[in-house]
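Here's a structure for you.
Labels for the chains are A, B, C, D, E and F, by order of writing; each one numbers its residues from 1.
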Amino acid sequence: MPFVTIQIAKGHSTEKKRELAKAVTDTLVTNLGTKPEWVTIHIDEFDRENWAVGGELHIDKHSGRHKEKVVS
Amino acid sequence: MPFVTIQIAKGHSTEKKRELAKAVTDTLVTNLGTKPEWVTIHIDEFDRENWAVGGELHIDKHSGRHKEKVVS
Amino acid sequence: MPFVTIQIAKGHSTEKKRELAKAVTDTLVTNLGTKPEWVTIHIDEFDRENWAVGGELHIDKHSGRHKEKVVS
Amino acid sequence: MPFVTIQIAKGHSTEKKRELAKAVTDTLVTNLGTKPEWVTIHIDEFDRENWAVGGELHIDKHSGRHKEKVVS
Amino acid sequence: MPFVTIQIAKGHSTEKKRELAKAVTDTLVTNLGTKPEWVTIHIDEFDRENWAVGGELHIDKHSGRHKEKVVS
Amino acid sequence: MPFVTIQIAKGHSTEKKRELAKAVTDTLVTNLGTKPEWVTIHIDEFDRENWAVGGELHIDKHSGRHKEKVVS
């Protein structure tokens, strides 16, 4: 009875989640020989200001916060 | 110092959560012989579009999405 | 489809876990009106050297490590 | 930067885990358009006496504990 | 590759989270000798009505709900 | 009442865990203004064969499994 938690950033559509849940379930069925109805998937979405790698919030990664703006 | 996480679908009232936290704490006190103040309960609510069993999102389970209504 | 994780220290017997799983499931059925077969319980045991409150490992709490030895 | 936790019963070989980690990572890359090196997989194995569905420990499910012994 | 989950009540500012993620990452680097870019921090915020200690919701702790006001 | 889960590879000494639990607790006290006794730390150790980044198990990362040995 596998239980899978997928932590991803917020912002995926319902259709994308539908495909993801189906695809991961199929992968487990194929690889573990379990039945689909025994697989539970939990998509656990996080805010980009609640996730950090290297001590830096995700929200700051692709903003200009740490990049000098050089204007001539 | 038990720590309990209860993952349930969104939509329960504060009063229902109040009763649930009290009841589960009492159950642990009775069964494990621990003190109530050592028990922490975390109710972790999920959106129905973030939970899937059998590869199908919870949000699709009780809708007509997968059930054709055939009327003659 | 509630999913419950119970984090407790290692050392409980199988019989105690059996009673605990049954009791917590019953509590959820009574309080949430869910069916027993929809409730999953995961007992997640921790070593006492992997759990700390107040910055002190559980393993050190009841040992003499932080208590002065009084000899007459 | 997806983080995936897969909770399964103990007893799978290293080779099986190797295939599973690879397959789930590929599924996320295909479905979310993320890079493989951004995907972390945690296989979190549970003892069958620490997992219950319907209030019954997994260890009791397929034993004779709840099944009548039929002798002719 | 440490992965740290910090469960705290909702209500901290982005700036506070930024400082917290940085400080906890630095602490792990110093204590475990890991590289900062290998440390992931997840700040998992909970609603005060979803957290209970001693069987009482956090939302009820500091309200007057359980404290009789006795005035003569 | 912060609850912190630190997922790290197995193999750290009790003394190292003792220092880590103390240091992370102090960091939270300093940054969040909480009291030490309200902070719980859970060190959740994983086997290197149960953790993968980029679809490759940690156990395979530093072995010769994927690295050609170049000798001149």
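Keep in mind that, in the parts below, a contact is a pair of C-beta atoms (placed from the backbone, for glycine too) under 8 Å apart; a residue touches a chain by one contact, two chains touch by 3 or more.
All of these numbers come straight from a predicted model, not from anything done at the bench.
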**OP:** Any chance you could name the chains that touch chain B and chain C both?
**Re:** A, F
**OP:** Determine, using the mean of C-alpha atoms as each chain's centre, which chain is farthest from chain C.
**Re:** A
**OP:** Would you mind telling me which chain pair, D-E or A-D, is linked by more contacting C-beta pairs?
**Re:** A-D
**OP:** Determine whether chain A and chain E, two copies of the same sequence, contact each other through the same residue numbers or different ones, counting it as same when over half of the numbers at the interface appear on both sides.
**Re:** different
Subject >> Repeat of interface D-F, chosen from A-C, B-C or A-E - more than half of residue-number contact pairs shared >> reply: A-E
**OP:** Could you tell me the distance, in whole angstrom, between the mean C-alpha positions of chain A and chain B?
**Re:** 22
**OP:** Would you mind listing the residues of chain E that make contact with two or more other chains?
**Re:** 1, 3, 7, 40, 42, 51, 53
Subject >> Inter-chain touch pairs (all) >> reply: A-B, A-C, A-D, A-E, B-C, B-E, B-F, C-D, C-F, D-E, D-F, E-F
Original post:
Taking the complex as given, what residues does chain F use to touch chain B?
Top reply: 1, 3, 40, 42
Original post:
Where on chain E is chain B touching in the complex?
Top reply: 7, 46, 49-57, 59-60
Subject >> Contacting residues of chain B [partner chain E, same complex] >> reply: 14, 17-18, 21-22, 25-26, 36-37, 39-45
Original post:
Touching chain F in the complex: which residues of chain E?
Top reply: 1-9, 12, 16, 19-20, 23-24, 27-28, 30-32, 51, 53, 58
